[in-house]
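Each structure below appears as structure tokens.
Common to both upcoming complexes is subunit A, partnered first by subunit B, then by subunit C.
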Partner chain A sequence: MKTTRREFLGSIAAGAALVAAPSIVRAQGADVIRIGALCPVTGVGGPYGSGMQKMIVAAAEAVNAAGGASGRKIEIVSEDTQTNPQAAVLAAKKLIEVNKVQAVLGTWSSGVSLAVIPLTNDAGIPLMHCSGAPALSVPPANAKGLGFRFQATNDRFGRAFAEICEKEGFKRPATMAFNNASGIGNTEGFTKAWKAKGGEVVESVVYEPNQASYRSELMKVLAANPDVIVTGSYIADTTIILREWFQTGQPVKWVIPGWAANPQLIEALGAEVTEGIISVDSVSNEGAEAFKAYDAAYQKAMSQAGTNNVYAAMTWDMMTVLALAIEAAGTADMAAVVAKLREVGNPDGKQVSTFAEGKEALKAGKINYEGASSVLDFDQHGDVTPDFGAYFIEGGKLNRRYVVQI
Partner chain B sequence: MDAYLAAIAIIALIYMLLSLGLTLQYGLTGLINFGHVGFFAIGAYTSALLSLQGLPLALTIPAAAVTAGLAAWPIGLISLRLRDDYFAIVTLGFSETVRLVITSEKWLTNGVQGIPGIPRLFETISVGIGAQLAVMGVILAVTLVAIYAMRRIVASPFGRVIEAIRDNEEALQALGKDPAGFKIQVLILGSALAGIAGAFYAHYITYIVPDQFIPLVTFYVWMAIIIGGVGRVSGAIVGTGLLMLFLEGSRFLRDIVPGVSEVEMASLRIGVVGLLLVLFTIYRPQGLMGDFTKR
Partner chain C sequence: MFYAQLAVNGLVQGLVVGLGALALTLVFGIARFPNAATGDTMTFGAYAALTVHKASGSLALGSIAAIGGAAVLALLAYLTVFKRLAGRSVVSLLVASIGIGFMIRAGLGVAFGHQQQVFNVPLSRPIRVAGLAINPLDLQLAAVAAVALAAVFAILYLTPIGRQMRAVADNRDLARVSGIRPERVMTAMWLITGGVSAVGGMMLGIKTIVSPEVGWEMLLPVFAATILGGIGSPVGAVVAGLVLGVAQEVSTPFVGFTYKIALSFVVLLAVLLVRPRGLFGRIEGVR
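And then the complex of A and B:
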């Protein structure tokens, strides 16, 4: 078959028209509120993104099953950030301009959230994210107060690491950080808090992502003879580092953030290598009724326990608390809704755990949504302060020994 | 919808500037530059940092072109000794070095935290479609000037010499021409274009971080010119347009074809790009707008 250039270009133009057409004829019904789910389905955030996105959808279904928020159904439009700022910016543009979403939920890495937040600010809609970078709390990024953080800041994580190291009686900590805003934020937060306690950090190494081996970085840290290594790392690099450390046979303890030291890590390395590692994570509000509702939805969607994905609990809360705020505001006008977010999330009100319960209680008066990911009380920056759990890996299982409050 | 189309058009135009630079370097002169993103990054950071010091964008964007062009000078000197794949490795290394330097020099670039709040073009115009169109207009104008300049270069004696360097460097030397100077000029010109593209990128996205300047960007540009047709100005334009249409168009495909999940779509997208490249190399090695008058 011989195709001329003209025919080929013509068929491409036809294809483009075909793809573009449905979005033009699509119109937004008056009784629908569109919400954008912008999760890291592929890229570094891939292990979490799919679950995060499904929990936004599941929470929206729960809202719709309860009759919708302020009489409107929630419709979710999903996009992938690819854990990449540029792809995220285009995806966010599409959500805002084409799908006309009223809020963007679920961005994960700090680089992505920092790139997306100028767009949501311009559109005057809230961005709810799970990023740790402190810059997201303050202007210019959060100049309009439309950014809401459902994750602890990296700084708070660092402080929790220091508390745990003190409690465990470590004297000679060293740090290893993945070279990005989040990784370095963790270890710098730790170093600051540790020095404030009068301690000293014996060695700190920052390593580049996507290496096949981290042996030289590891050797440098181990040469300083630390009794504990505190990391700001992700799962892929943590897996390699721990395997190479185990081969050296040098005894040392590890304190690793929960998004890296999780059941997948134990599965990849086995119980022997991971024995005794301390995994620190913001504690999902596991005792709460909201967590049970989330857990049931997560198991249904992902066939895994809800504890496997702390971020999915956060996205569940994002959708639920947003819907409650819409219900409380009685309008889909986001300026009014954002003003209500603290009112439905923070104390001084009847404690509620689901949207249906909150909707009922709102008729009587104020409510306080206690989330699945944390008690979900926003401070003046739109940040939450969850508690942190110290999980010890014992026999291939994560056992929470105690909870740290900062 | 309009603002979204404008956003795609702006990104496409930025990539077009990048592909024009690479067309000059690889398509016409035969220099295999795998480090294009390095010059893109230099342009972005130069313009972003200067504008945050309060300089007007009318000065910082040319400054980005100059810095990126100057950064190409030492690479040009190396290119005199290295050919083909050796040069490719050096340039790839260069772009990674640039990224690592940006990552490490925190006092200047704020390292991995990135630079937020970079001023936009036409910040005074209220946000909305007007500002978008104005930005698009400026980038379009710059791109058109670049296209015009490229066409003039191709038609000029300079253009014939650099094409001769690509086709047979020894023969050219035998004719008494010195390829060295030409190669350096071509590298500087192409890199300056990448620098301008970087400046526009920084002022459009308003937040830059080293993660954005990974080799994937270089290879997107390579894909665009391979699909479009190496060594043709029109190839750079058509190729970039197709690449963007494909990368962005696949979003809408998911909206109308139900049952394809995000994960599958992401894999599908990469798979189809790969397949397209393979098919192009087999059935249409000259690319879509390829030159059939030669060979």
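And then the complex of A and C:
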């Protein structure tokens, strides 16, 4: 936390210096496209936010190094959502009204994205986010088709859970969901996919946040004798639930989304309680050329492997694909740019992995950007379908055993 | 037996709420305003206990640090803010307490970060008593709460300062003309309030997680218990906390887990309709 805050202050200082330095401002003149990097630098998203923001900046640098998009340089204005909808709305207002950004990139957590998207819709600019809530695909949130999701929807997560449960041979799954759009989205997606496979769900519970104990909820679920419990949960409630479950002594397996079953959870509960939990997270497009470019940038900025932050690969793709669409549209008019996003991201067309490569190929014809986070093909809702990794917690470590595709 | 188990589940939650409500009701009864910083004082206690527990490995030392630290914090809040605002309207005091709560929460966030932390206490299997599964840790926590409550009620009902506090709560003007110094009463009251909040916060932290928001998020049930118990009644606050905790859990087979929180407010409404002064409150004349 301390490092990220310091880094955040650093990025503010850098941003302030950029604005203050007259030479830079003069050099860029009017032909600049401003993009907002609105990431969860502090709060629950803190472990990811700083890397996400730096990858937007790094991708923009790559675009500028290749001569800019449609002849214009990209300028990034960074803000922190604090992983908090109120703070995110204030920051988004500032980005849109004061900085006059042409797009907002990098929001994380469904509550934040759902709060920000009305503002970007009103401004007529795209919002590219890493949130899972199904509500972000459809009106009213995405009434104008300006929302683009680089993370899997909770519904897709649910489908991945069902694939993994089938692969592991579970017969009697039960579900537990945190009462919000994301939590219920996960378990409903699972139930739908599981029933389509002809299975049945023996019990399902939706629970409230901020309870001192979830023992009654657990009693109800465990009474149905499930062999696995699939959750749509967050780290705080997962910590409490798993601790109370372990104390009951009833053996059962768990399938938990990656943002809840992470190293922090293992640290909180210890290796014994978390042994055998299956953590499911979307995985980056690790074999792709684009991932290599992202990985190099991430290692340079964060001194860590790019595989440590799936969301940073998403923000790298956001900036790259947006710049390609601007290049293809030949204008910074966002209505025209948004219309081109699917054209540069989806098949068919020449496969490209970087902005420079794409800019070159656009002169010859259509392109298909294969991203670092996924193959990045937007469906009619602006959603993508990444692959999912099944990580087993073994001896206090998350080990990825296999990747599932849905 | 099923319902008895649910009731047991609700008791521990009820104790945490009850301790918070006791802290709130003491301030309500004596300083006459709702102290919205109660939840954050609980959080402060949880962090104090956590820090000392990490350093020393002893929960007993941790609880002493929590009680001491939070008592001093509450007294500081009184000396720097609430004392100066004494005699102003309830609203100014309430807003000031919201501000103090905000400062505590933000301070904890800066000092410890927003990521969750946990007490590393050994996990244990429940013991079976007459078919009921009871967690040994819950028993220990309940014992700690019982000792804290006994201490508070001993101070309130067996010591001269406690008698003075009750006198001020009953009738401030009469207390003053009888020669009771409000200063001493207030100091004692804030120290006790801080200590009680700390015990509640520590219990909450051990049961759940510690993050800067945990106490703030408990504030609503704490307020509900205070009102249900009868504003200003210490016994009422604790009993109401337990009643709400048990009612919530026992209701779940009928209303589900999503609506159990709403149900505790239905209980509150029903009691207030029949008994507007709360379970243990007394009717006060308007002065």
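The definition used in the following text is that the second predicted complex is superposed on the first by the 299 of 406 C-alpha atoms of A that agree within 3 Å, B and C clash if a C-alpha of one lies under 4 Å from a C-alpha of the other, contacts with A are read in each partner's own complex, and residues count from 1 in each chain.
Everything that follows uses one rule, which is that contacts are C-beta pairs under 8 Å (C-beta built on N, C-alpha and C of every residue); 3 or more make two chains touch, one makes a residue touch a chain.
Nothing here was measured: the structure is a model prediction, and the numbers come from that model.
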item	value
Touched partner set for A:50, first subunit B, second subunit C, both or neither	first
Subunit A: partner with more touched residues, subunit B or subunit C	B
Subunit B versus subunit C as contact partner of A:282, first or second or both or neither	neither
Which superposed partner A:42 touches (first subunit B, second subunit C, both, neither)	both
Partner chain in contact with A:273 - subunit B first, subunit C second, else both or neither	second
First (subunit B), second (subunit C), both or neither touched by A:208	both
Partner chain(s) touched by A:219 [first = subunit B, second = subunit C, both, neither]	second
Which superposed partner A:179 touches (first subunit B, second subunit C, both, neither)	both
Partner chain in contact with A:131 - subunit B first, subunit C second, else both or neither	neither
Which superposed partner A:85 touches (first subunit B, second subunit C, both, neither)	first
Shared contact residues on subunit A - subunit B and subunit C	42, 46, 179, 208
Contacting residues of subunit A [partner subunit C, same complex]	1-2, 42-44, 46-47, 179, 205-213, 215-217, 219-220, 235-236, 239-240, 243, 246-249, 264, 268-270, 273
In the complex with subunit B, residue positions of subunit A that touch it	5, 8-9, 12, 15-16, 19-20, 22-24, 39, 41-42, 46, 49-50, 53, 77-80, 82, 84-86, 89-91, 93-94, 96-98, 111, 114-115, 118, 122, 133, 135, 140-141, 179-181, 183-184, 208
Touching residues on subunit B, where the partner in the complex is subunit A	1-4, 7-8, 11, 100, 103, 111-114, 116-117, 127, 205-207, 209, 211-212, 238, 242, 245, 248-249, 251-253, 255-256, 261-263, 265-267, 288-289
List of subunit C residues in touch with subunit A within their complex	5-6, 9-10, 12-13, 16, 113-118, 120, 123-126, 133, 135, 204, 207-209, 211, 214, 217-218, 249, 252, 256-258, 260-261
